[in-house]
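Step one of this worksheet: look at the structure below.
The first chain written gets the first letter, and so on, giving A, B, C and D; residue counts start at 1 in each chain.
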Amino acid sequence: MKEVTFEDVIRTVESPYPDFELRKGKTALVLIDMQRFVLGEHLVKAAVKAGLDEHAVREVVKDYDERVKRAVKNAQRVLGVCRRKGFDVVHVRMQGPTDNPRHTAKVNRKIGLIVPPQFEDGDFIDEVKPLPGELVVTKTNGGALSGTNLDFILRNMDIDSLILVGFLTDQCVLATSLHAADLGYDVLIVEDACTTRSKILHDAVLLAQKDVCAKIKTTDEVVRLLQG
Amino acid sequence: MKEVTFEDVIRTVESPYPDFELRKGKTALVLIDMQRFVLGEHLVKAAVKAGLDEHAVREVVKDYDERVKRAVKNAQRVLGVCRRKGFDVVHVRMQGPTDNPRHTAKVNRKIGLIVPPQFEDGDFIDEVKPLPGELVVTKTNGGALSGTNLDFILRNMDIDSLILVGFLTDQCVLATSLHAADLGYDVLIVEDACTTRSKILHDAVLLAQKDVCAKIKTTDEVVRLLQG
Amino acid sequence: MKEVTFEDVIRTVESPYPDFELRKGKTALVLIDMQRFVLGEHLVKAAVKAGLDEHAVREVVKDYDERVKRAVKNAQRVLGVCRRKGFDVVHVRMQGPTDNPRHTAKVNRKIGLIVPPQFEDGDFIDEVKPLPGELVVTKTNGGALSGTNLDFILRNMDIDSLILVGFLTDQCVLATSLHAADLGYDVLIVEDACTTRSKILHDAVLLAQKDVCAKIKTTDEVVRLLQG
Amino acid sequence: MKEVTFEDVIRTVESPYPDFELRKGKTALVLIDMQRFVLGEHLVKAAVKAGLDEHAVREVVKDYDERVKRAVKNAQRVLGVCRRKGFDVVHVRMQGPTDNPRHTAKVNRKIGLIVPPQFEDGDFIDEVKPLPGELVVTKTNGGALSGTNLDFILRNMDIDSLILVGFLTDQCVLATSLHAADLGYDVLIVEDACTTRSKILHDAVLLAQKDVCAKIKTTDEVVRLLQG
């Protein structure tokens, strides 16, 4: 006799979030906060400037840095296919509208996360930077759908589903994903095209969303789907 | 010589979210989805109805059920103090505006999570049910701040900070918390007055938010703060 | 030689808002604030209670009262056809979530326009009251798309166009219409199924919107379109 | 015996919107669509290009052009005082995020009103153009509070009241004003620092809002209040 699991019980009250098709003109790729300040190098620079020992800093940042670089490479692959196939692309970035912190989100102001227009490490990471004509949306808070007009723009475009990549899995990507699902978008998170500071939290927040309000897939799987 | 941790490095680019005061007329308690269908008993009923063995179901639901009951007791304590001290209280519940699934959130429709007005297990859990005159906000999606006019009502009231309790930590509570922080509310999650299906995910999503965009405290701590 | 008008000049920079089709499942009828307190009788009651002379009050209210009654009759016709043809219907009403004015919109609180749940003249006008299963959305401010989750519900339903009737043309109907157009809905206002206190302002605000961000049609025209 | 007016009757159910104080740090000046394409000269250019007779066009545009120029002068005065007194200033402009019409508001796309980033007459009118560090918010639809993150930015700044100037009184200014009031902002429209194509419609939509959901004052009055 088959053992009953908690998962079995849950499946009697909720079914898994269904798969959905990726369609040109209806599905948009949203790249979240793929900016230079997310790179390990930026953390090293800041930590050393604050007086920490560079060698020690490089050691503890190493694993994170590798995961970020891998995510960038994967996002770059997804972006490449989306461009070739004519899927809409939106680049979301952290950036204040002015240098005045009062103009930026309270939540990030309170933790000192302010990205003024001229901030040197605020640029897009080279591998995934926007092409002319691609949408760029700036935000100063976490989720890309609050504190911006992204939802409005997506409605203008008749977009109904999103592919999410970028940083950080358990912060801005998470907030964007939950909000998008709540608004009615089908959401697909490319699990190896995003990451965060802790591998455990990355895995946990993806698991929390998986088949509940989002689909979670690998770059390989998404590239295959996009190539239809 | 002190060892450098990844946390030390992060602290050179972001400071911890600051503590904030709980103030009558400015801070509201928001109870999320504290409805009968969250109780273990509801899961047992549904699973047995679906043909699963009752004894086996009770076994696998037991731990969850105990965590839910503990969270209810803790939420009841926080609610009691808020009422005595005159803090504003909002009860958020899952409930469709009509029996028509088209009127409800796409995300939950897709997983079969529909709560019609007359759904028998949709009632508030007795220990934390609203008193006459307390605000009740209904929703059909996850986060209490999307798909509702809760933000509007809170603005009408000049509320700028929220205490969150309820269910599920990694779904509706999480979505509400992230969105609230993004909108500029100070957010305090009462960690033992909410829970979810997996203890690991409960811990993980609270850790992801802790001192980044929310404060996480125990019922004991919150009760002490409320009693000022 | 044809004379050049200002209108001709405008037409060289903007074309008239195009006609759009009314389609079952895509177009919803929204009835705005069709409640008893809008009727002339309610004004008479309030004015007499405040010490004004009843006969004199009836005189000055008479024209308004007749326009309201005509609008109700016309809205009733449109509603009847929508129901028979299976178009979605939403009844929007003014009503506070509780008796507490703090829970209601600041704008209307400031002018003393508060409609508590039990307010006797807050009921829907008989001719156009909701049938069981029809959507009812409550609001405490002006526009039906701010301070409510109406936009969210319409998105859940995949509605992309609205037929507007109700009160007052230059306040709640106007605010709803402008906001709806801004959000991307095609908007059709049934000019003789709404009215306001001043016939001149009714005409003016319809003219301001006509072919700019909304279509303006008569009940006869709309009934014909609905009957396809 | 004093005659009873309809206005007297209305005053028994609603009181006039109360005056409010203009306060540095709490009140922001919002300039709406003060761009070159609003000037009469732009209309003349477009009309002549479309084949209309220049002399005839200048004749019919003359009155509008004078009203626009007067409004610009008055807005400039208000702006000057706001800057000297340290009031926050927001410049709202029509401008697409890219050249792609799909990225812009449906409502304006349908009437052909599209303002690409490089549109020559999309620049701010010289007299009221932003200083470095002043907020600039772009929109592609009508109301400045829908389809933008202006409300979010104002909340970040703790702004609770708005002074509105700009174009057109019965379109973007109107939509902004109604939405702002609905969201809870105190709204003051500077009647002679905005205008529209028809003087009659300008007067009518201001009258519709006056003391209902906004205060209407002249430049002289507002300058006096600001100089407090």
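Here is the rule we go by: a residue touches a chain if its C-beta (ideal position, glycine included) is under 8 Å from a C-beta of that chain, and two chains touch if they have at least 3 such contacts.
None of these values were measured; they are calculated from a predicted model.
Least step count on the touch graph, chain B to chain C: 1. Here the chain-to-chain distance from chain A to chain D, counted in touching steps, is 1.
Remark: rotation between chain B and chain D after Cα superposition is 180° (nearest 5). For the self-contact between chain A and chain B, the two sides draw on mostly identical residue numbers; the shared fraction is above half.
Interface comparison, A-C against C-D: more C-beta pairs in contact at C-D. Centres computed as Cα averages put chain A at a distance of 41 Å from chain C. Centre to centre, using the average C-alpha position, chain C and chain D are separated by 24 Å. Counting only residues that touch two or more partner chains, chain B has 105-106, 141, 146-147, 152, 156, 183-184.
Here chain A touches chain B in the complex through residues 3-6, 8-10, 12-18, 37, 42-44, 46-47, 49-50, 52-53, 56-57, 59-61, 64, 105-107, 110-113, 141-143, 146-147, 170-171, 174-175, 178-179, 181-184, 196-197, 200-201, 204-205, 207-208, 211-213, going by the rule given at the top. Those residues of chain C lying in contact with chain B across their complex are 97-100, 102-106, 109, 133-137, 140-141, 146-149, 152-153, 156-157.
Per the touch definition, chain C reaches chain A in the complex via residues 152, 155-156, 183-184.
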